[in-house]
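Several structures are given next for inspection.
Both of the next two complexes hold chain A, though its partner changes from chain B to chain C.
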Partner chain A sequence: MSEIKVSKLCKNFGKNSALTDVSLTLRENCIYGLLGRNGAGKSTLLNILSGRMFPTSGEVTVDGEPLTGNDNALGKIFMMGEQLVFIPSLKVKKMFEVTADFYPDYDMEYAMKLAGNYGLDCKKHIHKLSTGYKTIAKIINALACGAPVVFFDEPVLGLDANHRDMFYRNVIERYTEHPATYVISTHLIEEASSFIERAIIIRESKLIMEEDTEIIRGMGYTVSGKAGDVDSYLSSLGGSSEILRTEVIGGLKTVSIKGQPAGNTQGLEITPLSLQNMFVCLTNENIGKE
Partner chain B sequence: MKKRSYIGMLRYCIYQMSKAWFVLPLYFLGNQIVTYIILLLRTSSHIWIESSMFALVGIDALAILVLAIFGLTKSFEFYNTAAACGVSRKTSALAQITAYGITAFVMMGECMLLTWLYELINAGKSILLIDLAYGPVWNIAMWGTMPAFIFNIQIFIVGSFMMWAAALFGFMFCSLYSLFPRKVAVYLSIGVPVAVLAIGGGICANWEMHGIDSDQKLSEIGNAIMKILGMRANEVIYGNIFQGCVVFIIIGIIASVLGIIFSRRAPVSAEPGITM
Partner chain C sequence: MTTLTESDKPIYVQTADWIEDNILSEAFGEETRIPSTTEISVQYKINPATALKGVQMLVDKNIIYKKRGLGMFVAKGAKEKIRETRKQEFFDKYITALISEAQMLGISREEIRQMIDKCFKEGDDK
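Here is the complex of A and B:
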């Protein structure tokens, strides 16, 4: 069992607040998507949850044990950060071996297999790798580490479309074979939405939602059609529905609405909200404005 | 403390620090090259002597600076790796302290081995023990000659002290870092040697005021320490080394300041306040 509980977490950098009163529980064996706009506090949250940073206030526990200064709790977590934390002069294989020294369930065979699949030369020094391959080396290390909780902070930075696709498939495969809790912080929501089970959405340092992606998708819908028809539909709803977003292109109007479709929708196209659309609606400061 | 985390971290630190084990012979080599150039030139020109002295002292200063920065920056790097691999700061600090200790002992071992080699080669010969890094030049200037093949024994001894200086700063910093935030740890790393220097300076001044030769007194203390360590006491050499240690501390302070600058560039840190 590896459940992480976060209660009333706050983090300030001088006068700037990076996280404000964040409380959440990361369930065991679940894939989370950590979503938020640039500077929302995603990396700060992951760095605190992995023990790299200390909160200004609040508490993080792993299976009931406090995280800070606790090797047992910290040993259940692995974080793949944006930046390289290993000494760059290390060879890739040595980096794997070093990590294996800390994580008893490290799967070296799997790491080498993945390296082969990605075309990563394990004899190379890390600093001699291209940006993409540095990311690949970190991804492989994270997937093979065998920790019950793995955080990925922007894991596909610098990866081409093929490698991103490989990564997503690897995450699903690994998760199926060796279930663990994965928290993936990403801006490429559409790409990751196929396998994210729950989404954590942060807006301006505050947690605004932590929910199953299916439920989030069912929270709203999009109505598209001629502007007049859409306006008529909106009028039929009265003031009962919350308009999340409105777009007008030429004579066509698209409106994202919270809730379920109701009334006469003839001549209109009704589509469920994608996770990305919902995210944009929830984190856009100009909600409802044309 | 988790045994696996400690052993893992210790292995990683020693693996990284083992690269420093080559610094002492390389440092010696650099020093010897300059010495031999002077010997080859066999010149009594004062310009040559002066510039060579600067070159030798420069090599010393550079080596000390590199090692002191090594001590501090390695600590940062080790903390980063430890944080990535789920190791607490306390466990990381303990592993680092052990690794610094082992490295310093290896360096002392190197020093002893080279000293033994020196004595083996020069058995039965009358050797001029030269005075710190600029000794060879000084001797050329004084006597116009040098033994054809000379090992600068003092450089070895001083060299091992350099690693102790690096270890000292790394040790001090990481110990403090396990207890305090980064900035406090760095300030204390600088503040403690400054305080030691100030107190030491005060004591020396007090001796002088009471008619005691502080150089003589420091040499006596240096010799006493060397006797405790089981080494031969030599008033001039060990007195110089003892004073040399003070120089290392000063250079270590400069390195600490540089450490602050470098620390801002540290990729990730377990320390609050660093923007990710």
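Here is the complex of A and C:
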């Protein structure tokens, strides 16, 4: 088992705080989506959780053991980061072998099979690969690592649609054959929303939500129609509902609201909020403002 | 069905609907094996736990059943059972909506009948 507990994590860079009082538990064998706008603190969080960075305050434990300076705990975690942590002149195959030295459950056969599927030449030096293939090499390394907890920081950056599709399928395939905890940070929410089991949403260095995606999907809805009709619907709700976003085009008004539709909705179009739309509403600076 | 996330329904319900659609069209015949949850989740890029929830929904409705070590199979009489449920849904979803839209547009009962007849006739001619 591998459960990661994060309590009251803070990270400051000079005067700027990258993470503020983040507490959460990563369950064993679950696929997480780590969502947040640029600069929200996603990479910082993953870097701390994988021991690449030290927190300013707070604690991270893996199965009850503190992460810092603990080889046993660190060995349970693999991180595919944005930066290449290997010497650029290394050959791809060698990069897999070096990783396998640190992760005893590394599946070299699987790595080579994936390399073939993606058309990655393992004899090439890493620095000679294109941006996309550098990412692919890192993805393969992460999928084959065999660690019970794997972090992917922006794994689809620079990948074309076909390779992104392959990656998503590989994640699901690998997950069903060798269950592990995956945390995937991404901006392409729509693409990943169907296989992410839980979403972690960070906004301006703070954790604002950690919930089942299926539940998030049911958390809000959008009402649209003639401005007058929408307004009278809103006033029928009273002050109890939280309005997430309002848009007006001509005489047409569209309002995103937290909660479930209630009362008379005749003549109005009601649609549920997708994970992506909910995310946009939750992380928009002008919440509730027109 | 190419993606499962465009509809309003929860993904596990869409998964169950997709299996039912295939049973109705006899792509999944009675007493034959349906794709495993792994196959479904990889194909449609959905979380395996979600796919399992959809499959479980149909197990609870006795539409499919588990053969130990072999996988999920379509139950005998499953197609008829789905048809009955869907017929009721058809009435609730389409007929009721049709009548209320027609009333809004001032279309009479007789006009609706003629439209339906016309549609059937055009279908027959093809």
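Simple rule for what comes next: the second predicted complex is superposed on the first by the 290 of 290 C-alpha atoms of A that agree within 3 Å, B and C clash if a C-alpha of one lies under 4 Å from a C-alpha of the other, contacts with A are read in each partner's own complex, and residues count from 1 in each chain.
The rule is short, and it goes like this: a residue touches a chain if its C-beta (ideal position, glycine included) is under 8 Å from a C-beta of that chain, and two chains touch if they have at least 3 such contacts.
Computed from a prediction, not measured in an experiment: that's the story for all the values here.
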So, A:65: does it touch chain B (first), chain C (second), both, or neither? neither
Larger contact residue set on chain A - chain B or chain C: B
With the two structures laid over each other on chain A, which partner does A:86 touch: chain B (first), chain C (second), both, or neither? first
Would you sort A:47 into first (chain B), second (chain C), both or neither based on which partner it touches? first
On the A-aligned overlay, A:172 touches which partner chain: chain B = first, chain C = second, or both, or neither? second
Which holds for A:271: it touches chain B only (first), chain C only (second), both, or neither? second
So, A:231: does it touch chain B (first), chain C (second), both, or neither? neither
Residues of chain A contacting chain B in one complex and chain C in the other: none
Where on chain A is chain C touching in the complex? 31, 165, 168-169, 172-173, 175-176, 190, 193-197, 214, 217-218, 271-272, 274
If you look only at chain C, which of its residues touch chain A in the complex? 3-5, 8, 10-12, 37-38, 41-42, 44-50
Of chain A, residues touching chain B in the complex: 11, 13, 43-44, 47, 50-54, 56, 68-72, 74-79, 81-87, 98-99, 101-104, 147
Mind pulling up the chain B residues that touch chain A in the complex? 1-2, 4-5, 7-9, 11-12, 15-16, 77, 80-81, 83-91, 267-276
